[in-house]
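These are the structures in question, set out in turn.
After this come two complexes, each holding subunit A, first together with subunit B and then together with subunit C.
Up next, the complex of A and B:
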């Protein structure tokens, strides 16, 4: 997760990527997932955490997490 | 412990755009009721998708259009353009407000008769009137707007056969400075064809020429174009009176007023640019009152406005079938509403709203319909809140042409409901099912038996 550590992330979801100068925004859950990834949590652990905290079933949480991870990969953040 | 409301995680790149004097896009807010009826309740009762029409909006829009013209001109008559929306319930609302019927086919003519429109208050337009249609229209004393010479000769022939006096007008096309010039309908003014047609009609002496009809185009805001058109019609009316002592009783300026839907590629939203009824009324009535008609008698002004009277009253509610990412990462949404029932999505950027608040985040999204066809796109690029599968949305201003140009393709056409002025729901067109189509099909005898699939 070293790539994630190189990002400047504000508490309200603003992300700055120094290597390219690009900026991104994310929402509350996106920010939460990034913090969990930085703590080296596994995908299953993150899903458990999301379903514990949010009103959502495991299947949907897992599907949305996969999509979010794809977006991070696409932007070369993980 | 109360869990937090879930909103799926998103990641959006911040793109610096060109400086924009209009500021950032406003957030698309949910619309959950139409005339105080919950859209969720309508979908629960009538399925998804479902067309919803508001009787109150239809009546309010008609009244404001009528007021705009009747405040400025003494003799005004609207004729409801059937092709815009010929659901019987809709037509009857317009007729109950005082609208005549304007039809362009035998089918629409039959519909108008079935809706109890007095025969002499049905305007029969268009290039396609069969001999049988003309016989009926002549015997009923309906107003036949002649489109071409072949039609005129058929009428002359029928006049002798039927021993009736047809009540006719001619459609006139002309150069009013508007491009493109609509010259495929009617007789041309500049090359003398229109005057020729009038001569043929009146030398016959068995046909009553009572009106002149023109339609200069769509989205015309220049009063000068109407001034030119009306000047030319007035000149025909005056020549007609001088030569035949026949008074033209009405001038029909057709339809073509724009609704507030934004055309694709338009720079500004139509809500900012569409002329109001007052703008149109000012342009047309100023032109009418500034020309002289024979004996200083002003003709009745007939308007065949369709789109601008009904678009606002129609809504289409539906459900999200799926979300997906395209190859370039762009978000896409699959809806249960396709171009089969939203043909007009090919040229309009429709306003779409979620029914319920589901997310404060939005993302540029392409909305696809459910058809297995690449062209099935409802909105190409709209900054839309993140809806989940099974969430509902509603499309605004779909009252015009959707429910007449829709096609039975791949799937059935859905229910259409009307909310009356008291907020009560009425099913006004049943959704189709396989029986509707089975009734129309005939399988040859030799194919009736259960076929065995060949290996």
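Up next, the complex of A and C:
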């Protein structure tokens, strides 16, 4: 998760990547996932956490997490 | 440095393809240097002449193409009035004269901090492949052409789209031979020959501004990513980035060439993380004020180096600092314009 630690992330969901100068925005769910990833939580732990926090079912949580991880990988942030 | 310095600066054309003069002056004025700023302008409508609080006095200069005699004569006249300590030329097209007559200027008491003639010549767009080979730097395939007929017979690796570049300024991306011929004629008529053909590389445009002390040391360097690019290819917005590889390439070039003075390295970063050097500008670029804002006052450091001071390298800067240009209508009085037109001074 060292790449994630190099990002500047604001509480508003604004993400700045200092290595490229690119910026992104994410919602509350994305922000929460990033914080959990930075705490080295496992995929299952993250699904459980966001299921509880955002009152969504496990299937939706799993799908949202997969999509968000894909985005992070595509943008070389993890 | 306690003495009040008189610093002459060119490049007051703060237009859509801006000269670096205005941001250079802003940097100097942000420093602790006690200065009098003399603007040297080539056109009587260069905005920097009229910007309130920017220059203390402006003089019109003859175009470098007029010849060295007229150029030196005018500079000598201005020096007799102003006692210039340092001159900072900011146009590619005038650099040759300032470098060539560096000794004459020194005898007059005017200091510069410019690359040597050899450094200036070997980094020319037309010499970039040789420069890259000599210093082991990756550059896109390119060739310098002196005849439009050669467009029909480009070496194999060069394919559309490619960039067609003027000797000093301007570049156009072309996708077919009719465009290539059109821009070849346009660029050769405006800037002379050769015209350079350079393979287009897909990636992000990134630049470094740097200052070499002439001994091989990089005393300042700040990388930037263009965020907003005008139709003339100029950065209208940019942001400082943290990119150690770009700084390594910069330090390597400055160390290998013992570069003296300001420079801008223009690069393309590909998706694979490769860096291609596309151009070396042998002077401070127009986005220099971003470096000042990020913690490296390059114009101030350059003035100190020109005055013979030892300048401690700055290795840090703030990343995520942005600049955004804007246009602003100045209201002026015809009498100011009249003074510039009639007397060549304001």
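The rule is simple: the second predicted complex is superposed on the first by the 78 of 78 C-alpha atoms of A that agree within 3 Å, B and C clash if a C-alpha of one lies under 4 Å from a C-alpha of the other, contacts with A are read in each partner's own complex, and residues count from 1 in each chain.
Assume contacts are C-beta pairs under 8 Å (C-beta built on N, C-alpha and C of every residue); 3 or more make two chains touch, one makes a residue touch a chain.
Please read these numbers as outputs of a predicted model, since none were measured by experiment.
Once the two complexes are overlaid on the shared chain, A:19 sits against subunit C while remaining clear of subunit B.
When the two complexes are overlaid on their common chain A, residue A:66 makes contact with neither subunit B nor subunit C. A count of residues in subunit A touched by subunit B and by subunit C gives the higher number to B. By the touch criterion defined above, A:8 reaches subunit C but does not reach subunit B. Once the two complexes are overlaid on the shared chain, A:39 sits clear of subunit B and of subunit C alike. With the contact threshold set out at the top, residues 22 of subunit A are in contact with subunit B in one structure and with subunit C in the other.
Contacts from subunit A toward subunit C in the complex involve residues 6, 8, 16, 18-22.
Looking at the complex, you find that subunit B touches subunit A at residues 3-14, 325, 329, 360-361, 388. Of all residues in subunit A, only 15, 22-30, 32-33, 50, 52-56, 60-61, 64-65, 67-68, 70-72, 74-75 touch subunit B in the complex they form.
Across the complex, subunit A is touched by residues 204, 224-225, 227, 238-243, 269, 319-320 of subunit C.
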